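The structures considered in this document are given below.
After this come two complexes, each holding subunit A, first together with subunit B and then together with subunit C.
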Partner chain A sequence: MTTARRADPARAGNPALLGVAGLAGLLLVIELAPRLGLVDERHLPPASRIAAALAREAVSSAFWVALSDTLIAWALGLAIAVGAGVLAGLVIGSVPVLRALTASTVEFLRPIPSVALIPLAVLLYGSSIGSTLLLVCYAAFWQVLVQVLYGVADVDPVAFETARSFRFSVWARIRHVLWPTALPYVFTGVRLAASVALILAITAELVIGSPGLGNQIAVAQASAAVPTMYALVVVTGLLGVLINLLARTGERRLLAWHQSVRGEVAL
Partner chain B sequence: MLEVKGLRKVYRSGSREVEALRDLTFTVDNGELVCLVGPSGCGKTTLLRCVAGLLDPTSGDVRVDGKAVDGPPPGMAVVFQEYGRSLFPWMSVRDNVELPLKQKKVPKQRRGELIEQALDAVGLTGTESAYPWQLSGGMQQRVAIARAVAYEPRTLLMDEPFAAVDAQTRADLEDLVRRLWKRLKVTILFVTHDIDESVYLGQRVVMLSSSPTVVQDELVIDLPAERDQLTTRADPRFIELRTRVYEQIQTAKKNAGK
Partner chain C sequence: MRRLLAGLTAAVLAGSLAACGSSADSGGESADGGVDKVKVGVIPIVDVAPIYLGQQKGFFSRRNIELTLEAGQGGAAIVPGVVQNQTQFGFSNVTSLMIAQTKNVPIKVVAAGVASTGEAGKDFGAVVVKADSPVKTAKDLVGKKVSVNTLKNIGDTVTRESVRKDGGDPAALNFVEMPFPNMPAALADGQVDAAWVVEPQLSTIKAAGGREVASTYVDAAPNLTVAAYFTSQKLIADDPGLVKRFTEAVNESLAYADSHPDEVRAILSSYTKIDEKLRASLVLPKWPTQINETSVRTLAELGAKDGIFTGTPDLEKLLP
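Now for the complex of A and B:
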């Protein structure tokens, strides 16, 4: 990052401006490609028609219901996964026996793609929000758990001995040493989990048909409303960007003391 | 009073055994300032961790005011060499100093007084809201000392606290330790590998042998109580004493080579 900033400013240009220009270029390509007949308009409508479809969606109540369904499933699933992941991570991480005992199991369960659990989710919950939650929780949980385990392992022995020498209680050592050390890792875990949770929420809705944006995309596709389908895809993309942005801002605020955030300091 | 009797520590990892401390016996009287000096790798830190109750000795015992140490004893504070890791980077200077007091259940008002006095004593008034990593190394170690002082310990253990600061800062901090010791009348066990530092600071210097460690010799430092960096270090008696300590350490190293 520092090197990028130090690069020749004239040649590098304003990054925000360049980003906007890139986006405009992409829109232009999507607008022109179908109009010039480079791609079939039935498969890729011009950007302006997608935008029009998006505007229509924005005033339809079904869209807002679907959006809130997706967001609720995402937020609830993420919250459960983060809560369980943090708790399990702190407990497993601070008890060496537990850590050794669970290491191979975690390594076996973690790589199972959440989508492989779709049949199980359908069996258990049909096409209700429960299906979405199951997949979201499963995928997000491992992201958090693994990061918390790293975080707990990163506790500085000197900091820990300092706490011990001042006779901190077990709870105080967790609260004042373990937790702040693990917090940056927790944040990384939450950020990763938030993205994964969105992917799984949309996937579940799309494949299982549980209520939400994914389901709306499937419906649009089935009824040949291609611009609407694209419009909804754009919305899911925007959601992803927004979630990442929120997570990063929160991280920066709460971890102002951490090396990765505070940067170089005078003195 | 701090008593160390027949202390032995053997580290085991698998079938390998390393005898870090063989047989250590010494005492530190109440209100005394004793420096422990030894060649590098002689197990000074191991000894200090045993005294602090952070490490269980293999045999022998440590007693503070007659009570056997089997965990960090009350009324003891430790200043570690690695100030940057010993202070909590997620807390301001004030919170760092305050946290042990909260753990000790000191009432809020009294905590405020203690923090103010301690920071004033180490010359850090006005840095309460700064984070440790915004301060220089010497200032960080002052914060760690302030934290220990505010805790109102009867015994203060210092583990090579100035090994990582520059020479000028080190001289200032040495004088600070002497001042605090006289004012607070605490018992200080100061571990160092710096021979001059041990003679300058201590009322008594305990010299350790190379690992496996025993007490090589003890020396009473009969320099005047008022010491300062220029005159004390130029005092012929100081030079005589430092030579004695130096010779002992050299002997210890030679014996270890045999």
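Now for the complex of A and C:
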């Protein structure tokens, strides 16, 4: 590892700079491929036209309404899923009988792709935000639940028994032993759930037509407005990057005290 | 302590699962101050421009209707939405409504929706092929792959009728299902030999050199009623006054749209993303307030011939 780094200092370069260069390269390919006739520009317009369509979208109120609809559905769905997942995880995880009782059910329900619930969502909520929430909650809930279950299982039995022999109350045991141990797992769950929630929010809007960016993509597609469609796709991508960045920063800040973030200190 | 936790668990689990997706409103026609809140399930296409225009012009608010247009994707969700009162009215093509009727879905048409222009070559729906296609007229479609947006629906019925009238064997067509927006690319790439499309894809394909081989709606029946606004029989029984006001408002909207094409082209920018050039050039349909019953009867017969119904549609029950 160290020898490799020493042997080739030039190629490593500045990672941020390389990242920008990679992105510029991709844009260049998307700009040139249609212009050179490698792909039909009616179906994949050059990057500059997508950018122009993005600029036009950015000044329309419909775009901002759709963006906020998507963000609200995402945040609300994620909040419900995290709240429910953490609560259920802590309770199921701390009662062995419950854990055994629910294990098979969880393993059965968890792999059901959320999109398979689209017909159910349409029947229950039509093309309202409820449909989006159902899919988002379902997908995000399992991500959190499973992580919390792992977290609770990771509690040091000696610490837990010590707390018990010191006659810690139930609440104090959860607060001072269970929660700090489970917290890094909770954050992993939240980070995974945040990305999954965005995917499902866009999917629901695109397929069901509930309000949001996904629906705008579908409308652009139905209107034969191809550059606008790609512009909106780019926005969803940027949203994904932003959410991931936010989740990682939040995790580092809030878990600064934890060794998984702090780095191992030799004892 | 364990008992306490176990007791809590049941409540938490039940609560947390129920919390997922419980925040949707059921929608409805709560009348406060005499204003009825009405949701209408529509598809964001050119056909429904009159209702958007009517909303803007105040034709609905004048009749104490607070209109919300739910432009969900695809028509499939609209009928169940109306039956379950998530939306109080819906817009759907006539064949879909007849299919629902043969399955005893309790719906009834309350107003005309959209109609063919009745002019061959100048209608808002047609079968198109690539410029260099060997297909010259409808009968050449025999044995070819033709894309329609929904199988066993209005698209294949009217396309078959065009072939039948041109002297071809209507049973010998290979229909492929795909969404309208995919058709221009599918036709250009040769995935299909012909595409049954409506505006704005029709203009897009023609602008790219595509050639129209059949004005299917014109071939099916003179001045064909293509789609209609409908509601549930429950709403008709519960609130006939609201249904009546809605029908009047839709009729006023249809008449206004039919005589103000420039305003129609302008309103398209509010709910679609069709670009300005295309908005100015696309072929607008006709919006008569009368449902052409003869044409609906013809559609029913054609559909029966093609075997898309499980029974015989009862038009007395379906039409107003």
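Operating definition for what follows: the second predicted complex is superposed on the first by the 253 of 267 C-alpha atoms of A that agree within 3 Å, B and C clash if a C-alpha of one lies under 4 Å from a C-alpha of the other, contacts with A are read in each partner's own complex, and residues count from 1 in each chain.
The working rule: a contact is a pair of C-beta atoms (placed from the backbone, for glycine too) under 8 Å apart; a residue touches a chain by one contact, two chains touch by 3 or more.
The shown structure was predicted, so the numbers you read here are calculated from the model rather than taken from an experiment.
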| item | value |
| --- | --- |
| First, second, both or neither for A:V241, with subunit B first and subunit C second | neither |
| Touched partner set for A:R167, first subunit B, second subunit C, both or neither | first |
| Partner touching more residues of subunit A, whether subunit B or subunit C | C |
| Touching partner for A:D156 - first (subunit B), second (subunit C), both, neither | first |
| Subunit B versus subunit C as contact partner of A:I80, first or second or both or neither | second |
| Partner chain in contact with A:V97 - subunit B first, subunit C second, else both or neither | second |
| Sites on subunit A touched by subunit C in the complex | 40, 42-43, 76, 80-81, 83-85, 87-88, 91-92, 94-95, 97-98, 121-131, 133-134, 137-138, 141, 170, 206-210, 215-216, 218-225, 228 |
| Subunit A contact footprint on subunit C (complex, rising order) | 1-2, 4-6, 8-9, 12-13, 15-17, 19-21, 23-25, 27, 41, 44-45, 70-74, 77, 80-81, 84, 86-87, 179-181, 184-185, 188, 200-201, 204, 208, 271-275, 278 |
| Subunit A residues within the subunit B interface of the complex | 156, 158-159, 161-162, 164-169, 172, 176-177, 180, 183, 257-259, 262, 265-267 |
| Residue ranges of subunit B touching subunit A (in the complex, touch as defined) | 49, 52-54, 72, 74, 76-78, 80, 82, 85-86, 88-91, 99-100, 103-104, 131, 133-136, 151 |
